[in-house]
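There are structures below to look over.
In what comes next, chain A is part of two complexes: it sits with chain B in the first one and with chain C in the second one.
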Partner chain A sequence: MDASTTGPPTGAAPTPSVRRASLWERLLASDHLAGWAFTSPAMFLIAVFGIAPIVWSVILSFQRNNLLSGGTWIGLQNYQRLLHDPMFAHSVRLTILYTALFVPISIVLSLTVAVALNRKLWFIRLYRTAIFLPVVASTVAEAILFNWLLDPYFGIVNVVLVKLGLPAQSFFQNPSQALYCIVAMTVWGWLGFCVIIYLAALQGIPRELTEAAEIDGATRWRSFRRVQLPLLGPTTLFLVIYLSINALQLFDEIYVTTRGGPLGATTVVVYYLYEQAFQFFEAGYATAIAYVLFLGILLLTVVQLLLGRKFVHYRS
Partner chain B sequence: MSRSRTTTVALASVLVLAFALVTVVAAGCGSSATSSSSSPAAAASLPSPGGGGSIVLWHGYTDVERTATDAFVARFNATHPGFTVKAVFAGSNDYALQKLMTALAAGKAPDISYQYGSSMANLATSPKIVDLGPLMQQSPNFNWDDFFPAERLAATVNGKVLGVPALVDNLALVYNKALFDKAGIPYPTKDWTWTDFRDAAKKLTDPANKQFGWAYVNDGSEDTVWRFLALLWQAGGDLLNADNTKAALDSPAGLKAMQLLHDMAVTDKSVYLDNGNGNYLNLFNSGKIAMLWTGPWDISSINAGVNYGVQILPGDVTHATIAGPDNYVVLNNGPQQVANAWDFIQWFCSPDVHLQYAIATGHLPIRKSETKLPAYKEYLKKYPADAVFVANLDNVTKARPNIVTYPKISAALGQAVQAVLLGRAQPQQALTAVSQQINAILASGQ
Partner chain C sequence: MSASSSAVTGSRSAGPPWPDASSPGASPSGGPPDFAALEAEVAATRRRRPSGWHLFLAPVAAIMAFPFVWMIITSVSTLAETRRFPPQLPHAIQWHNFVDAWTMAPFDRWLLNTTIVATAAVLGNLVFCSLAGYALARFRFIGSGAAFLLILATLMVPFQVVMIPTLLIVRGLGLIDTLGALILPNLVTPFGIFLLRQFFKTLPVEIEDAARIDGASRLGTLVKVVLPQMKAPLATVAIMTLLWAWNDFLWPLIVIQSPNQMTLPLGLATFQGAHFTNWPVLMAGTLMSQLPMLVVFIIAQRWFVQSLSVSSGIKG
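What follows is the complex of A and B.
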């Protein structure tokens, strides 16, 4: 008889010759264990450097602690203090103002520059490198540069303004101007990064689409507005979220230029919490501020993602 | 299928969170175990130095100072074979406090750390700082009284000596002789008054050439405050009352001091306001600023082409100046470590060794007896400007309050001085406001 043409013998069920494997044996043989074993070094690093400080910060925020002599538990007092702290409210206002200026200006400017650089010009590589250089420069170098450029007495900017017949400004020494100078400095510093991302996105747009628009009689502007801009939607959403998160956490540039001054005009939230922790020895209060900032950023990002879902079209 | 994946994810999250919690609790236990007493550990009876291990010294020296420190540490290691000293550059001294705080929180502090004198009151709350008083009593050769009064004041908190002077300096008047000659003004003398100073600054200011008579660090930090304190003390005033419970600067002396700043910066416009502390020296080197109130640390950065002179500060009631002593703080990493650290410090801060170090670095002598040693002549020949700074140490009669709330008081006063210099507040108005802020800070106690 040909075994391949006959089915299984009817009647008797096959006797099991292998017992069911134990939990441990199944675990060892499964893919799960191998997978977790491979990821555990990275997980360890994330846990120690990422999650452990986050958890410790929460604990600190319920204490009064100067980081030198242990802490005393004070419950929600730090958070209550936040609600009534005029300096904190001031720093929140400054941070929001800064973000509201930095993000839109960066996006619009970098998109313009990216479109301008998305062509075959002479020295195009030089222009692209020049645009990206500020991103590579260290924050301290940037700060020294701007400190001197904007010096009220010796800076080039004032020399040019005076030659043009405009009054000299005091920039970093003027409480009303200092924050806008920081906006200018950081826009300059981040432009290259955004331009590179937009350039990559622009070059990913299939040429057939723009050519089709041309054939249909669209002007350059309409072609840009109706074809390219919507296709840049995902990139714009990414940049808006990324830049917002960075803007809300602004610290480095403030620390190396104005140190929160003059007269508190550039004391943004992260600088305020740095002062609290490391100058006034109030680490508990500082971590409470950090958590409120974290929640604020989380909320903003969720809102941005929801709006993104509504307005951004992904090519599938 | 989805149920086993959910359980896997859940299990994984629980594991990660548990791991994180264990890490945190371990760290928390590590630091809180030492928080049982908030007073610095007293070194009772220590073993003799030795043991073959090594101690770590954290410092922020660069350039010449660093080469000298390394050389002296090497010399100590060669002549004291019982243990080794490792000198580690721990970043700029401006951040030495933050670094030490972080290290203490992580339980990995060095054995000796260079710290600003203004940090002492807050460092005193850490149980790991060693009270050096008993150690000094057990070492009769150490001679604590040999150190200048300003240093001893800066190292003592609540009667405990928590540091040994590493560096002492003070503010004096450094001026550009060429600019004085060009304007036809006689050089500053030791009897200069505030009026002489203001007049000279006005004459030395030339807007067309962007030249200023004086420069002031206007970043609102302690750098802004301590120059104002020198003015306040010169007018005979005080920052706080005798037992550090109330502000005392809203007085005729305080008003005089604030008024001088206002007159020079806002009325005469003879002051270059530096929004950090990096620009004024460059401008002085370029001949754009005629006078600085600064200390020995800037002298070595003055360009060779600048013909400068040093004089004591102009005075009002007195020619008081302010010192910024920095200390070596000893951390308690165990009795043998403390014994070794103390042994090294005694050697490093002994008169002969420190005078040699001063000759190598241009630092001022930290002990009065160093000025009586034969090698002192060599020191003065090498650093003629330092003679004025050393003599000026006699003008340091007061020190900043060594209290835990000083950082907040300094921040409030820094903003007030900044406001006056920028013309945003009138002197009396600023004084009244800052007095109220200081009283509130003192009342809250932290």
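What follows is the complex of A and C.
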């Protein structure tokens, strides 16, 4: 109840001159109208472009739908088909392999770089800018850039390899190398972001803690291992989860470099989904794939959070 | 953006994710860590001296910057120079590559479109997420719990799940192949609402109560009293929306067909398809498309860095 409508809390009978506020006035004074006035623009947009598509996608995943005419209800057939689709299983394996490489490499590399950058050195500003710069480059630009760097005929990387007396490679055009090239490229693209996050966390650690450890005779390495690393636990957990989610949804870089090839060597789940929806017009099947992906992301996140609870003892 | 599921399970009651005002380097307003002050403080206690870390940082920074450097060099070379083996530095600077790229494809149009879409998305998110986030943090109104739950639900669902139904909705609205298709679904992000709500909750409510007693309206309180205290989180929402809208690829790829309606990433991808082996012109185009963001980043690096680290704190 709003204070203005209830009168003094003294238990004395309200004087007749105080008129009881009408329902409308009380509604205006309360938070209900203001609350909905403030939230309705956002809630309207979220209802149309968030909630409605979620509900619709459930229906869509039980349909055969070519995006042009209304779909036909086929029950669980899309999901049954997924279980027996070797191309889908292949795309899942590729996506897991990619994630299992991309996430740990990014974490270890970015942590090392952040520790190195977390000190006063000559050129530190230059180092930071160079390492942060790819954060703002678009995934498309990044992929085009690497198409050129890794060009089998005129790319600079092959030139360097040949100079070093190594055989030239065909990178994105070689089925057994393409995925690893994608890993290298995306590690380059994400490193700046991870370093920024780690650096902010490192600078949040009070220096007294590491100094105390060093006064107690700990070596630099031991003080890092025993003091800083545990305190970075929440940050590492966040990055592992965030990078994994993004890795499982890899698409842009594949589209611009290999288009899932050569010979399906980089057809990750979201690229396979895209092909199904917009090349074969199997919108129902594609949505079923999206739900399996969603389930995979949820499962992985929950597992990571549970493991995090076991190994991370500090809250950010 | 489903990383925030971690924030759902572990509700944060603590303050803002950056170090509190008492720690070194924090700005007096309790804002994000002031990297410049931090550096000055570190400098006072630890003089610059030759360090072994250079042996690690210099090559890493060189590798990170090299793709950009090579892009610039290629963009001012002749086609023949890029096909020489091994490649050499350009004989004379070929500015006409930029003119060629500009005339071969509507880069000006793509830049304009991207600017319109990104500006609309940033403004929409600032206004709508502030309103909704404030109401959800402060007002008690019928349905506020349900609204918040719905927002959290949409936050966790990956884009691929809602992609096809959203396409059908946008088609139903007659927005296919228009900028409206790129703007409307991006005007509000559940993440923006969630992030701002968390920060509104950390502000002391007494100042707002005082403004209300002085006769300020709910909206007046929000705009004149509350938002000025929220500069850092608002900058985070603005910068994350800007980066997202500027670089988004999959959604424009699906809803835009005509070159005049494309944004830079999509335009660039089609440009690559059309001029695949003309690397100087392709690199000139790529460089032009990335230049606005790179310049903004170099000027506002501190804000970018702070903003991205805020996003990890709220979720971690």
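We take it that the second predicted complex is superposed on the first by the 277 of 316 C-alpha atoms of A that agree within 3 Å, B and C clash if a C-alpha of one lies under 4 Å from a C-alpha of the other, contacts with A are read in each partner's own complex, and residues count from 1 in each chain.
In this section, contacts are C-beta pairs under 8 Å (C-beta built on N, C-alpha and C of every residue); 3 or more make two chains touch, one makes a residue touch a chain.
Here the structure is a predicted model, which means the values were calculated and not measured.
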Clash or fit (per the criteria above) of chain B with chain C on chain A: clash
Broader residue contact with chain A after superposition on the shared chain, chain B or chain C: C
Partner chain in contact with A:R259 - chain B first, chain C second, else both or neither: first
First (chain B), second (chain C), both or neither touched by A:I144: both
A:P175 touches, of chain B and chain C: first, second, both or neither? first
First (chain B), second (chain C), both or neither touched by A:L23: neither
A:F278 touches, of chain B and chain C: first, second, both or neither? both
Which of chain B and chain C A:V270 touches, first, second, both or neither: second
Which superposed partner A:N66 touches (first chain B, second chain C, both, neither): first
Of the stretches 77-85, 203-211 or 275-283 belonging to chain B, the one that collides with chain C: 275-283
Touching both chain B and chain C, residues of chain A: 32, 36, 43, 46-48, 51-52, 54, 56, 67, 144, 147-148, 151, 154, 278
Residue ranges of chain B touching chain A (in the complex, touch as defined): 8, 12, 16-17, 19-21, 23-24, 27-28, 31-32, 34-35, 38, 97-98, 101-102, 104-105, 122-123, 125-127, 210, 212, 218-221, 272-273, 275-276, 278-279, 283, 288, 404, 407-408, 411, 415, 418-419, 422, 424, 446
Of chain C, residues touching chain A in the complex: 2-3, 5-6, 9-10, 14, 17-19, 23-25, 33, 35, 38-39, 42-43, 46-48, 51, 53-54, 56-58, 60-65, 67-68, 70-71, 74, 82-83, 85-87, 127-129, 131-132, 134-136, 139-144, 147, 150-151, 153-154, 156-169, 184-185, 187-188, 190, 193, 218, 243, 246-247, 249-250, 253-254, 264-266, 268-269, 272, 279, 282-283, 286, 289-290, 293-294, 296-298, 301, 304-306, 308-309, 312-313, 315-316
Residues of chain A touching chain B in the complex: 32, 36, 43-44, 46-48, 51-52, 54-56, 59, 64, 66-71, 144, 147-148, 151, 153-154, 172-173, 175, 257-264, 275, 278-282
Touching residues (chain side chain A, partner chain C) in the complex: 30-36, 38-39, 41-43, 45-54, 56-57, 60, 67, 112-113, 116-117, 119-124, 126-142, 144-149, 151, 154, 156, 159, 162-163, 188, 191-193, 196-197, 199-201, 203-204, 206-207, 234-235, 237-239, 241-242, 245, 249, 251-252, 255-256, 270, 273-274, 277-278, 283, 286-287, 289-291, 293-294, 297-298, 301, 305, 315-316
